[in-house]
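Chain lettering (A, B, C and D) follows the sequence in which the chains are written, and residue indices restart at 1 in each chain.
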Amino acid sequence: MLEPISVSLESLNLGTLAPMLVAIGGGLGILIIDLIKRDLDKSLYVMLSVLVLFVDLGIVLGLQAGERGFFDIMLIDGVAILSQIVILAASMLFIPLALTSKRFHEFSYPEFFALFLFMVAGFQFMVATDNLILIFVGLETASLALYTLIALHNREKSFEAAVKYFIMGALAAGFYVMGAMILYALTGSVEIYKIEEVLIAGDYANLTILFVGFAFLIAALGFKLSMVPFHTWTPDVYEGASAALAGYMSIVPKIAGFVVAMRIFEFMIHSDVIWLRDVLYVVIVLTMTLPNIMALVQRDVKRMLAFSSVSHAGFAMAAIMIGTTAANSALFLYWTLFLFTNLGAFTMLWISRHKESRWHIRYDHPYEKFSGMIQIMPVGAVLMALFMLSLAGVPPFSVFWGKLYLMSEAVNNDYIILALIMAINSAISAYYYLKLIVYMFLKSPEENDGTIYMKNASRPLQTIIGLSVILTVFAVLGVEPMMDVITAYIKVSGF
Amino acid sequence: MITLSHYLILSAILFCIGLVGIYRRKNLLMLLFSTEILLNATNVGFAAISKFYGDLTGQMFAFFIVAVAASEVAVGLGLMIVWYKRRGTLDIDSMQSMHG
Amino acid sequence: MDHILSVLVFFPAVAALLGFVVSKDSIRAYGISVALIEFLLSIWLWMSFDGGYPGMQFVEMLPLIPSFGISYYLGVDGISLFIVILSTFITLIGLIALSVKNDIKNMIISLLFLEMTMVGVFVSLDAIVFYVFWELSLVPMLYIIGAWGGNLRIYAAVKFFLYTFAGSLIMLVGMLVMAYLYYQATGVWSFSITEWHRLILPMNYQIWLFVAFFIGLAIKVPMFPFHTWLPYAHGQAPTIGSIILAAVLLKMGTYGLVRLPLPMFPDASVYMITPVAVLSLIMIIYTAMVAYAQEDMKQVVAYSSISHMGVIVLGTFAMNPEGISGSVFFMLSHGIVSGALFMLVGVIYDRRQTKLMSEFGGLAKVMPRYATIMGIMVMASVGLPLTMSFVGEFLSLVGFYQVSPVMTILAGTSIILGAVYMLSLYRKSFFGEVVHEKNRDLEDLNGKESMALWSLVLVTVWLGIYPKPVLGPINNSVESLVSFMHEKSITDEAKKVIKPTVIEREAE
Amino acid sequence: MEAYLYTALFAPFVGSLFAAMFSNRPKNLVAGIAASTLLFVSWISSVVLLLHVAHGEVVHVKMMDWIQAGGLAIPFGFVVDQVSATMMFVVTTVSTVVHVYSIGYMDHDKSFNRFFAWLSAFVFSMMILVMSDNFAGLFIGWEGVGLCSWALIGFWYERDSASWAASEAFIMNRIADLGMLIGIFLVYWNFGSLQYDVVFSQVNGMESSILMLVTAFLFIGAMGKSAQFPLHTWLADAMEGPTPVSALIHAATMVTAGVYLVIRANPLYGEVPEVSHFIAGLGAFVAIFAASMALVNRDLKRIIAYSTLSQLGYMFVAAGLGAYWIALFHLMTHAFFKALLFLGAGNVMHAMNDELDIFKMGGLAKKMKWTMIMMTLASLALAGIYPFAGFFSKDKILEAAFATEHYVLWTTLWVTAGLTAFYSFRLVMLVFFGEERYKIFGFHPHEAYKYMLWAMAPLAVLAVIAGFFEHDFVHFVSNMLPIEEYHVSSSTFWTLVAVTLGIAVTGIAVAVFAYSRGGFSKKLEKTFIYKLLFNQYYIPKLYDDFICKPYAEISRIFWKDLDLKVVDATVDLIAGTIYKLGMVSRVVQSGNLSNMLRWMGVGLLALLLAAILYSPIR
């Protein structure tokens, strides 16, 4: 005869759940508003979701590290807070991209914004727990929402992208649960810290099974983080999705994935089990190099950016393999700075998006589209060039500082070879970023009317571009304070 | 007497079936089903392990998996219907517009 | 005026930004006046510079990323001062003689940005800041070559960019390692070059770091076998591009050698003398011969400048005040002379749209003034006494003679081979009868060209006859540098090779 | 005195600048006159200095610092002592004459002004060369004269041969200059200074190996300027320049710079007999070698050029034997009569509108009496006939050779003396006497301007009387240069004189006899010897085939095949390979879903494999 379970409310510590609840509530709210009054303008929903996210962010900032809640499923440590901040900030920066001057199918649906908020909530769940179940749930919530958002773009390619992404995602989910099951079977727990304890207690007994389990998890996360060879979806999905969403995908899901990877791999990396480190090393090198090389031969800027962001993910992943506090801080710094630049770059593509395929049957943004841009739209050309240089890691633009910290971490932990590989990869990557600059500055224009690059450019979008330009160019001034905050958060969460 | 290992073997077999399905089939619907099998294979495993350890976490996980699987089906079917509407086929090879 | 360096660095950049506003037809005047102001500023810097004091002056320090030891740290000593002045001077001259017609606005703006990066490289004492300017300098150059160049311009520009970029990234890794080692040793992060100088490293570290830095710098110099981007860059670049590239950008490499690896890794530098010297010898002789084979005037000058850079590197690795002062001075003279030569080639190119020597002949008859200046500059380039380059070449070779007589003799062949290709160039295109009808009525130098060129001639001869005002400060800094290296070096071999001034100069 | 020194030094420079101002303008007589006057000023101050120095004190000034780096400190310092004073006298004298002469000679040349600019510039550099008080300053002048000779040889640059000869001269000198530079480096690193006085004061301390190196390398430099074998070919080709140039640069002054260097550095050379002997030997060889080529040459100026070469040989013999004052003395006398000879040749060329083949002349004596007289005087001096200048100096050299028991040298020089006498009178005969062949070729010769002749007069006088100043000269230079008395019994002495004079006279006699009878039979020209001599021992051809052509070829190979096809190609290859890899690796991105899923499977399998492999070694 079981006695009834009595749970005191404060032991639940619902505060830890609050951020996600806000997001979800906001999403529901939007749907309800739509029920009450049909076809309201998208700008309303955009601003609503920004506000929701703002509140969300406020609550997140209010949390203090080191709490657990809701049957100890929720874990609010520094990383959780930090990553949520990044996720929310990025979402707030990207959602206004919906305010294009041209009408796009998806934004006419309020569901779009609801789904967007659900997705954010999903990501927040992912990062705010060390329970494999909740990670899974969060991950799937986010992914399912994302599939839909992609599909909502309502072009043939979008559906194709969505389906591909969906099927592969399903397989990845299978891998994930399989991995989780193996770990569960091995340790009798699905909480990472417990798993860690049990493994250490048993001094990593029967490694093979453990490795197999981790193999599945790596595969699953590798899919999310677009690690080679699980990256194949990335270019297609980026190409299929709208530039705005592609930019979003290049930042937010990855940061969530990084956090999960951090939680799952960190203890193993610090142990004397070299397997994980070596495997990650190989994966990382592959992920940095292969997409880099493939990006060389791309003909579409967006697709090129997709490959490049895969390569950047490889860079960041290196930090997780290195695994020191400084390295993890460097990861967050790198990704934030990368966010600034990528936001700008994708927005530049987004404002020049046309409904009809004007330059190329398949591509929206072939290189030829930008040829001679300096002649017809100097400002745009210069801005785009800035973002490209930043991505190429030319100082003093934002990404350079991220690279600097990452490489220095690699050096400091005696991964000199890795640092050199990073250097060489940056050199290679310079080529395809340069290619766009060459087209913009050194080729003669095909068009004569600069406005074609501004078709979508509404005031908000221009604001966002301006913002990201400032952030990109003057990043150096922000590095120090950002680094302080990041390191503080990372320290308390003991990574 | 059926022990844990039997269950695990069963789940492993189911998982492999799922995998094979994913790799062999050319029809999106079949792929969808295969992923379902994949997920449910692990359900068996989770249930058995949680029985073995005598704690409920595994079963909880199983339930969540079921839930997620369901929603996946929802989304997946939706996508496929749209695709079928547009292309009149669910053959994988029908979608290769993006490559290189 | 203790922020004069910041002003020097950022004045052109600000001016460039404002330049977007200036209207197209008056942008040229704008550019020239900005360059003039910048040049006067640099002259003022020289005037207020204390030539007697060997150390860093006008130091500015502003922490950028304190926790990582990166700070905005500027300063000049005798070594960098004059290269700064060279950059501002050459930019001014280049702008005066500027002859491009299309997109002149973009050209001038990018030139001003380029000027910022050049000055920045030479005054920055923080490795990262140095690196920032170093990399930034590629961008405007890429644009200049790529947008105003010849048929292969894009290939040349991209090659130039990627080649240098790749090299400098390796140097960046070296810098990070250096910083880490410094951290290990002292417990604080610092990218300050002057701080790094004080760090004494074990031999094996020194060698690896030396290699890392050397690759980055050697590509810029450009050392054989990394030199192949240069002929393309020069061959395709517009005149102004070649002038700046040859006069200043190449100097970044050799200046970097003096500033970074030598004081940081004296032992490794000594250890590496032979391989480096061999490379330089190949540069000197091989490229001189290649220059002789060229059919294109500009290519001759391009290869000749590679050959001369070889002598500069050699002088740098002489490890004694004579050699290093000589090489630093040679940097300046080579800047002036090669700049002038490229400008001269540009003059004829503007008139005939070709640079092939076979197209010319008898120019001395048609354009006597042009021929005169060309003659002077040719003679300067072959290192005739009483021209600037003799002082540099002589000192470099004197210095290196102490290290290895045999190699010096080989290097000395540059004065012979130089004469061979330069005279054949002059003979082919200026002597003989006028063969091509097109050449009959070429107009001689016009006002702005003569002004620009004569000022270069003036400098060449003045500093050839009385180098003291420049050589003095350089020598002071170099002497302290050398004695510092001598103190710092750990291996006996290095102690032996690195010779501070031994012979007392007669007091005057 | 300093004022005189600076005047002597800079007057030509001012002249040069003045003329240069008009260089691109049409002919302007002022340029020539001004330059000449300024040179005359310079000559006067040189003479003043000469007399001043004669009292034994030396003028030494330091104008300003030049290069100061590390331990190296080079000032612009000038010294006027007996040696440099002599040189200054010679240089200014000859060049003044040549300047005045040129006003007439270049009369019709459109680049009249440019000519004087360069000519004065040359004198200026020559003055620096001889007056500098350190090796670096010497080198400045050294290169300066090289530059000017380049410009003056190539003065008529439209002529391809001229510009070629100019380049050849410059480059050959450059080769030697490298040796000189190395010598200077050696001096610096071993003596710690480049000042003559500092260096020479330390000579005793030095070990001979270093001294040997120093002297050897310095002498390489000398070989270039003084066109000693094997660097002699440029001198003959240098005759492409206007004749006054040949007179001034390639007879009287520049080519003797090498000799001057050896004399100037006699404290060094005195210490190393090996090198000195080599110098003497080479000198003797060149003497006869050049004379032999002069025997058969048909070119008026080249003959004189070769004779210059051979006389330089004499000087080096003297210097090599340690008889530095004799070398200097011969240098001086030779300057006078050789310049005179050239200027005469100039007149002849004018008369024959620049025809140079002496076999197209003849019988010009009637038309141009004075020229004939002066050239004969000069030839007599050259041949070393008493009482002409050449006799004293040349005879002393032979005596020195004999007295120091270098009989081989003596014999060589003795034979050479005969040859000299022969070819110079062969020239005189063919040009001025015998049948008037020029009529066949339709020339209308005429005597040169009066003032040109007057300009030559001083040289003529000097060529005659210079020899008699021998003893004053000895006394004059005695406190600079070692003077050793040769102890030969007076009988031997007189026999020597007799023998020398004998062969000289014989030579002359043969020449006069043969060519007054219309020369030797044509058969001789078929002989191998003749061909050999006529083609200058095929040495120019040799250089062309084994140095110039291969060099050009190798350069071309380096460029086309090495630089482009190997070095650059490798770089592009690397880049290209990476790009191709990109092309290849696109297959991963086939866009087919099942394919993409397969890749995920591959990844998983790889991971599992790694798991299995690693599990033993955790």
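Everything that follows uses one rule, which is that contacts are C-beta pairs under 8 Å (C-beta built on N, C-alpha and C of every residue); 3 or more make two chains touch, one makes a residue touch a chain.
Predicted model only: the values in this text are computed from it and were never measured.
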Chain closest to the assembly centre - both centres taken as Cα means
C
Where the centre means the average of the CA atoms, what chain is farthest from chain C?
B
If you average the CA atoms of chain C and of chain D, how many Å lie between those two points?
36
Centroid from C-alpha atoms only, then distance chain A to chain C, rounded to Å. What do you get?
44
Note: chain D sits from chain A at a C-alpha centroid distance in Å of 79
Chain-centre distance (mean CA atoms) for chain B and chain C, in whole Å, is 66
Touching two or more other chains - residue numbers and ranges from chain A
163-164, 167, 171, 235-236, 297
Among all residues of chain D, which ones touch two or more of the remaining chains?
586, 589, 591, 593, 597
For chain B, jot down the residues that touch at least 2 other chains.
22, 95, 97-100
Just spell out which pairs of chains touch, all of them.
A-B, A-C, A-D, B-D, C-D
Touch list for chain D against partner chain A, complex:
578-579, 581-583, 585-586, 588-589, 591, 593, 595-597, 599-600, 602-604, 607-608, 610-612, 614-615, 617-618
Listed in rising order, chain A residues that touch chain D in their complex are 163-164, 167-168, 171-172, 175, 204, 207-208, 211-212, 214-216, 218-219, 222-223, 228-230, 232-233, 235-236, 272-275, 278-279, 290, 293-297, 428
Complex contacts: residues of chain A adjacent to chain C
374, 389, 393-396, 404-405, 407-408, 411-412, 416, 419-420, 423-424, 426-427, 430-431, 434, 437-438, 441-443, 476-477, 479-480, 483-484
Taking the touch rule as given, give the residues of chain D at its contact with chain B in the complex, in rising order.
586, 589-594, 597-598, 601
Residue numbers of chain B touching chain D in their complex, please.
19, 22-23, 26, 92-93, 95-100
